[in-house]
Amino acid sequence: MRKEVRFAGFGGQGVILSAFILGRAVSVHTPMHATMTQSYGPESRGGSCEADVVVGDAEIDTPMVTHPDVLVLLSQEAATKHMDQARAASLVLSDVDLVHLDDDVAQKAHQLPFTRTADGLGRRIVANVVMLGAFTNASQIVPREAMEAALRETVKASTRELNMKAFDAGARL
Amino acid sequence: MAIANSLQTSHGSRAPIDKPTRHHGTVHVIELRCKECNFCVQFCPEEVLEISDHYTPRGYRPARVKTGKEGDCIACRFCEHVCPDYAIYVVEDSP
Amino acid sequence: MSEARSVTEPPNLILSPVWDRPRTGTQFLSGDHACAEGALYAGCRFFAGYPITPATEIAERLAERLPEVGGQYIQMEDEIASMIAILGASVTGAKSMTATSGPGFSLMMENLGLAYMMEVPTVVVDVQRGGPSTGLPTTVGQQDMMQARFGPHGDFTSISLSPQSPQEAFNLTIHAFNVAERLRTPVLLMMDEVVGHMHERVVIPPPGEIPLVARPRATVPPEEYHTYRPGPDLVPPMALAGEGYSVLFTGLTHDEDGRPVTTYAAQKVLVPRLRDKILKNRDVYERLGLYKTEDATTLVVAYGITARSARRAVDLGREKGLALGLFRPISVWPFPAEQLRSLKNVTKIVVAEINLGQVVLEVRRIAGPYAEVVHVGNPGGQVISPETILEACMSPRRAKP
Amino acid sequence: MTANAEVALPPELHPYDHLLRSADLPTIWCPGCGIGTAVGALIYGFEQAGVPKEKRVIVGGIGCSSRIVFYAKTDAYHTTHGRTIPFATGLKLCNPSLNVVAFAGDGDLFAIGGNHFIHAARRNMDILVVCINNFNYGMTGGQGGPTTPAGALSTTTPYGNPEFPFNLPNLAWATGATYVARWTTLDVRRLRNTFADVVNRHGFRFVEILTPCPVSFGKTNKIGSGVEEMEYYQALEVLKSRVESTEITKTDIELGKPIVVGTFVDRERETFRERYVRVVAKARGSKS
């Protein structure tokens, strides 16, 4: 089994952190293997941003993602850039309020209100965690307990409760 | 030298740059190390030293104590301290 | 702080280095962070560096971690200062390291040469990015491999290691320190941007599980000691600063006492020994990764991140019935020539590396007489895909001229 | 007067022979060069201050001055051009019990190594930096450098130096040195006392020693031999035992003009080491 997951959005949305949590969940809390890579630009905020995670039951050879099985689109720029990949992907998640998809892709995509849900929790910054909840549910790549454990270990203690709430809200979307 | 001369440095200015205790000493020269730089000769406050007339195997004429000045060393050790080649030293005579 | 120190600790740090904060167990780390943890595990307690992408995370991790274990991090004014500061640290017995990328690596060359000449153990990490010059600061390259081999002026022999994963970055950093100490020589860890930034599972064993090697030390009294008199393994035992040996280290050509003797006679004793010390101790550092090479007739030679594409290419080729194998020099320099020659069935070698042809020159020198040697690469900026490597494996043999 | 040339000398004659690699004497320095005088003064300082022999470390760069490592019998490291200070930095940090002196020339410390000097001073690194300032690159035959006086002749300033030199005490003061003195090799007794005073102190200490370079600088600039350059100092020296910081800019060196010597800076500042030990305490305390 080899699953390629791509998170795409803009800097500041927690794209890389999302990939990190997924990678950590797999690597530390399951016997499976995961490799996380990221596009790394000079800008840390605002620019386009991608992070990839390859999950496999054997050691990952090349970590480079070319045909993502799962594509998470968090900005219009990312969606436009990756529309063809989205067409080929077996699972697409997007933020319904930020991203407009081509009709054929929209039909199969999980278009969900990540940002709006986070705003509902009072902190837009946890939109990515809402997304991770939805992703975990929809993708079935990694057990929910592993994701929750990785999330708990990654975020600051002071925001743990909020993050767990956001994850849960995402899983229920 | 020209500039130094223009400022009227004379041999009379050969005062030590600080005050030595008045003692007497015996000067020793390790001739093989001496490079004839003249520092000791020039700055000895008692003008005890001079350049000898023989050559070391390296082609230098080593410093030596002037004949008749053997008792004039005041053991200020300026020669020993200023010598860049560790070629001269003073043994203080026991009082 | 406690005066008690474990045997793996450098002897002289008054800050009393301790190893009570190992971050052991299963972690999810970048190659850069794994390298930093490897250094700590190996007993490195001094890091001098200058920030540069994509090696900065090593410095950042060590700035946080070194004081936790009683070690020292210092950010120097440039890479020149960083390189020589770690030599100053090492002559006291401390295990020291710096980390940089291409532009900084260039600045380190002169003092890297001094380390070879003075036989000072230390570890230099180069997380390679695309060059020349500022080039592609945030993307991958493997273009410093010949600089690792021949960067400093004069004759010397480089030991360069190249990890393909964060776990290997951890393990090879420890190996690099062990080799450096054992042979009294700098060791280069030639990472690349992808391995440096990529995160994977890294398992850090409890302290003591991976053996650590200490440098040969002076044991005779000072009056019998000669700073550069080699042992039978050609490595001179080292007296540290402050041990009362009045040691004399110089970058000038020197005799066994470290005295400068700038003659041909002295040079022809010293410089060949520095070479032979490395070449005759291959078992100390040589590491090789072989994959499906037993019956391979076409071999892919690749190191670092490229080796992982190459492994996929081998699998894809095998699915098509091709007898492909992967030859992965983990110690790239000195190149494991004998092992390459021992693969008797090989008639074609594809060297894949993210440059326009560097290690391929050495492979061609070794295997050119009996195998067709093909290079597949790019000028930096992107990992070579498995498909590209496979294509090179499948392309028809060139007609002999 | 003792031996003549043909008589074998006892191995130890000079009182410093046991502190020198005396088998390698005479030194390579030219007749009339003052570096050996400065080396002797430093050895005296170590002795007078009671620094244990095994704790003495001298780091040299490249150039005539760096040759100290081949004559002074201490742990000695002859490194690369300009890099004395960062080498000494790593060494001192990893064994703070050592008494570390970076001993180098004006070109080494202030041209190629200038950046290291200012940063080590800024950090207040715990080392003594000794600069043999002979106003030119002596070993390579007398090229102009960062301390060559304006208008002075050298092989690379054949029409007179168009550049202005560094005022080293001013630079050291401005960048954070805690102790700054300037002497000539003629002031050998004061120089010796200075070393005796500062080798055991903490922080970044800087001693500039104006030194004759008869073969390169002296001859070219019509000052003459080593002893004549010493006389030149004698004529021009102005001793100021303590220069106020606002006055330190008035210690520039110009050809034929008075040369101010003395102790210019003597102040307390926390050292890098002291501050870093607190970093360690914080890192260990807050993470346990």
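All chains are identified by letter, namely A, B, C and D, in their written order; residue positions are counted from 1 within each chain.
Note that in this section contacts are C-beta pairs under 8 Å (C-beta built on N, C-alpha and C of every residue); 3 or more make two chains touch, one makes a residue touch a chain.
Small disclaimer: the values here were computed from a predicted structure and weren't measured.
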Task = Name whichever of C-D and A-C has more C-beta pairs touching across its two chains.
result = C-D
Task = Please report how many Å separate the Cα centroid of subunit A from that of subunit B, as a whole number.
result = 85
Remark   = Note: subunit D sits from subunit C at a C-alpha centroid distance in Å of 37
Ask   = Which integer distance in Å separates the CA centroid of subunit B from that of subunit C?
value = 58
Remark   = Check: subunit D positions touching at least 2 other chains come out as none
Task = Mark out which residues of subunit B touch at least two other chains, giving numbers and ranges.
result = none
Junction residues of subunit A - those touching two or more other chains = none
Query = Think of each chain as a node with edges to the chains it touches; is that a line, ring, star, complete or other?
reply = line
Query = Among the chains present, which pairs are found to touch?
reply = A-C, B-D, C-D
Ask   = Any idea which subunit C residues touch subunit D in the complex?
value = 10, 12-15, 21, 45-46, 48, 64, 67-68, 70, 72, 74, 76-78, 80-82, 84-94, 96, 110-111, 114, 118, 240-252, 259-260
Note = Listed in rising order, subunit B residues that touch subunit D in their complex are 1-4, 7, 9, 13, 17-18, 27-33, 35-39, 41-43, 54, 56-58, 60, 64-65, 78, 80-87, 89
Query = Which of the residues in subunit D come into contact with subunit C in the complex?
reply = 21, 24, 53-55, 57, 59, 62, 69-70, 73-80, 82-83, 85-98, 115-116, 119, 272, 276-277, 279-280, 282-284, 287
Inquiry  = If we count contacts the way the header does, which residues on subunit C are in touch with subunit A in the complex?
reply    = 26-28, 54, 137-139, 193-194, 197-201, 305, 308-309, 311-312, 315, 383, 385-386
Request  = Quick one: which bits of subunit D touch subunit B in the complex? Just the residue numbers, please.
outcome  = 1-5, 9, 13-17, 20, 22, 25-27, 29-37, 39-41, 44, 185-190, 192, 222-228, 230-232, 234-236, 255-256
